[in-house]
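Which chain is which? They are A, B, C, D, E and F, in the order written, and residues in each are numbered from 1.
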């Protein structure tokens, strides 16, 4: 572990500059439902609280939702809207192969950097992955957990304010580990569950022709399913490989296979 | 662990000077119920016992209550009222990323320093966090536990007296681990559970206008909820982001969301 | 572990050149059922998606089936058909005796190399073995799991595209560990379950004479069993040791013993 | 662990000279019941057996009782009455922060020193703490356990005799771990369970005036409770903080709170 | 572990030359039942498959049976009958005190050496002991397990052929660990279960006189028991210590005690 | 562990010369029942088997009985009666504080030394302690277990013979760990269970006067109890501290307390 940590210290590139935030919203934010707008509004409210509050210099929110539901993109979106002078992404993707010590150290560094700015926004993405969580056992890094637990509660120094946005697809885990209590607000990121929402989404993307859209509407508008936006994007891309004539059929096949589309 | 410990030895800044105690009471102590006054009185009694006792040179109390109930602020308040020449805070926040060896060593050092003063007061904040407690497993550092267990019982040298104030939000854990028996007294820190107590709290803070206060009273005075003072402060700050007209509505919304306000 | 890792660093021969892919299809791919053709077609569809997609630069499929069912050969076949400039095999057979750190490092290196090519195909063979999975306990390397989990989700850099083909004989494990959700598509590799499929397989191999084939057909054509192609090959070789007259009897004995041949 | 052990080797101050024994009886031994006298007599009997026996050069007794019942003081008392040339206290309080290796080594050293004297008395205080016992798990140091198990059975060299006095508040643990069988005798240290015993105890201490004593007698003489002498001392000291008029009331309040005083 | 491994590297005498194979058949192979002949024939069949097969260059069989049933002797017998240019015994007896790393390394070396010969036979004796299996827990070395799992499946390089003979007395363990599926054939090594089989065994050894044989036959021929050949040898030797007159009685006593001889 | 092992290598005094065997029979072997004679006879039989046997150069017996029943003394007695040129005691008492590696190494050395003599006898005392067995968990050293398991089965080199005598008070453990099967014979060491056996024992010792003996006989001759000889010796010594008149009463009191003496 020790040698390993040394090696990692040489390239401590775990920080993500504000440009990088855009990478996480690669395919934009489609407003396929009012629920998405509400998420973004709650975000703005908390941005304001962070700026104006006198008694609560630390404001913390948690975005929770199923895998592929769009949590990371929404967290990045809210962070970018804060336009705070300091913004950082704590993502497990930049900590592949880190020991738990190195991970905790990297996370701690993000927060310590944030404490130096008057207004900061830190995104802690995929809490469960930062914790090396495995459902069998279950196993997780208690060392990283303790670090997060304290950092989620620790007040920034006098005159500094911090907005913390965390994401997770393991809501129960976060609750059971006692991390829930430190969040001011838990916001649910919904899956797409109605044919009409799929319609709104593909309309937002503009990926099908008018003819395709009306045919699709007839076929799915009143049906139900459960699919995350990230899977839906994959489904759309797959159907694009089919010939024009078969595209909608292929799309509906995939919605049935992946999203369980039914009446 | 070894390299890590060395590094920590270089900056052993885990002590907290008496000024720092005020940080933990940042927003004051609002006397929203007689129960809070009773807590402070029990504190004074034990301060006196420590000073005058002949047979019990070690007096130990435990403040237990839900997360966000105000335990740390009350422990700091009692400690400051002792005005003992030596006062120290043992807080997990100053031990982020410590190994269990380093943690135990840091705690031990606080006590050894305390033993050198004729009258000392040590606050051991968040026992469960010092123990690296995780409810799943459950896991905890047995090494830190053993250290605390002995330090909570060990008498100071002849002529020295020590008041120990510990806090926890995991009362059952502390009981199950066999730490309970070493406390002279366990004091409950209550959550706010009545609308009238909320009224007393916001009156103490003076954060709403008279008109708002009377409207609020009509709406919640006879209702019930369960919320800690720290969450209540957050709720108040959030409602402050709303326009004057909507402030009370937003506040009540939040009390329902976070505190489960009901008839 | 440390000394061990050093030693392994000296011979990091875990990469497999495109020639080596043929080794995994040593005995060819016999099309003993339409189901095998469907597997290969789904493979082609995903190859195309990888090449043409704009929104999904990472396409991931999982081949799952019983032990000996031919998963590795089919994964190699699909990979070869992609004809991508970069192709690599991540196989536990090239990591015998690696520590979990060394394993994770080796896997990470394959992906990092893949990210450098515009179009890449990586085969991650026998996920359960890479995880050092043992059903008793159960035990597995959480460190390798976390590495795989992130690599299966991490998007390649702008302008790069990656087709990931994984195989497993422990479908439930992969599901329970939360790896399932990151696959665009899970493809089942079937066992041979009918006498007529055995006939198709041996016909494809051309290992029996016409007379033997018609006798075999009479004896097993309408029977049922469950056997993987790899075990079937073994069964055929065993029967070849018998004299010509006894070969078919020996073959049927073995099908009963290994495949549970019955009416 | 290794560096840690080195550090400990430099200050191996785990021995306790015969003067130190008095520290453990700081507040004397009050004979509040015949049961206490019986404990001391059994102690004398075993002292004699150690001196005169021909076949049993190792005599071992265990004092077991609830937390705060006075075990350590009684063990120290018996040891002092032996007046053996070699006497040592094995107390977890002198081993705070020791690794299990260092602990076992320290214990072993006490016994090896004892074997050098013709007549020795070793007190092994709080077996459960020496074992780093935590009820959750449960966890304990198997290394220290094995060391104690053997030392509790190992005969001293020819011509040497050893009296071993151990204490524990976890009788069941000691039984379950198989340590019980090596004790010649297990002696129960009782809690105070009757009002009349409380009277005898405070009379022995002489801490209340005659008037207070008779009022107290009226109020509690026929009541029941369960409290250890160490807690009772704490209760008395607390009541001393009250004004003279309120002292008895405060005392009875505390007996109810801590000892469950009832009819 | 590291220092330990170094030490072991100095004397890597884990290989066993073909002479050594005879040691494992010290007392010969008595053909006390047709079942033993069948075991040897299945062995020959697999030897031939290894030599002649084109598609299966790796042939693997598992001998399983109760403790003392003669597994090791039969595995050695089959290996010797192959007369392959390379033969090696992987026995836990030559790896006493090895760490799991050293064990896995030693096993791997045997296989790597085998891959260098055109025709090789490797005996992996007592899989459960190589795995450091303990039924309580259960515990086993996952590191050795993973090594065996891969080596049991890995095809030798082009042009090389390998016959692998493994033995175990823990059939269920081998199944539960997922090692079963890689064997071409599992062969049961039976215990002696009838008096008549005992008769055949002692006749094969020629250890009793004619008179003794007929008396024995009268007494046990129609009885039942369950005993392994290794225990039976011990029983015979024990009865040999008795006087001639008592030998048969002593032998029958021992068969009852060890083998549960009954009608 | 490593530094620790080095230190132990400096004083490898784990061997016990034949004189030392007498230490374990300090108080002689009293033949208080025929059962004790039978144990010694079975011992002699196995000594002879070791000397004369042609097919079984390794003879192994296990003495099992309750704690304090006299197992160690009987094992030492049998070993001494063998008068083999090489005799060694493997006792946990000479391995206090050894790591499991050091322990296994020490045990292995005893056997390797034994293999050098034509006729050897090794006593492996208290298997459960060598295994660092703790009933809670349960825990044990798998490393020592594997070492013992192999050493209990490994045949000595050609021309060498070995008698192995092991003892345990944890028969079920030995069975559950799979060590049982390697013993040729398991011999039960009984507790004293009848008043008449106590009479025989004290008569053998000659510790009471005639008058005392007849009074004792009247009081206990037809009663029942369960006590090991080692505890009985302790009981006798304790009663010796009483005045002559009270000695028998004290003795019977102790038999009731320790042995549960009843009608």
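One rule holds in what follows: a residue touches a chain if its C-beta (ideal position, glycine included) is under 8 Å from a C-beta of that chain, and two chains touch if they have at least 3 such contacts.
Because the structure is predicted, anything quoted here is derived from the model rather than measured.
Annotation of subunit C and subunit F: jointly contacted by E, touch as defined at the top. Counted as hops between touching chains, the shortest connection from subunit B to subunit F is 2. Between the two copies, subunit B and subunit D, the C-alpha superposition involves a rotation of 60 degrees in steps of 5. Of all residue numbers seen at the subunit A-subunit B contact, under half occur in both copies; the interface is built from largely non-matching residues. Separating the CA-averaged centres of subunit B and subunit E is a span of 66 Å. Subunit D and subunit F have Cα centroids separated by 33 Å. Between the CA-based centres of subunit B and subunit C the separation comes to 57 Å, rounded to the whole angstrom.
In subunit D, the residues touching two or more other chains are 2. Starting at subunit A and stepping first to subunit C, the touching chains follow one another round the ring as A, C, E, F, D, B. Touching subunit B in their complex are the following residues of subunit D: 2-4, 26-27, 67-68, 92-93, 96-97, 129, 132, 134-137, 139, 233-234, 236-238, 240-241, 257. The residues of subunit D lying in touch with subunit F in their complex are 2, 5, 45, 48-49, 52-56, 59, 101, 104-105, 108, 138, 140, 142-143, 145-147, 149-151, 153-155, 173, 176-178, 181-182, 184-185.
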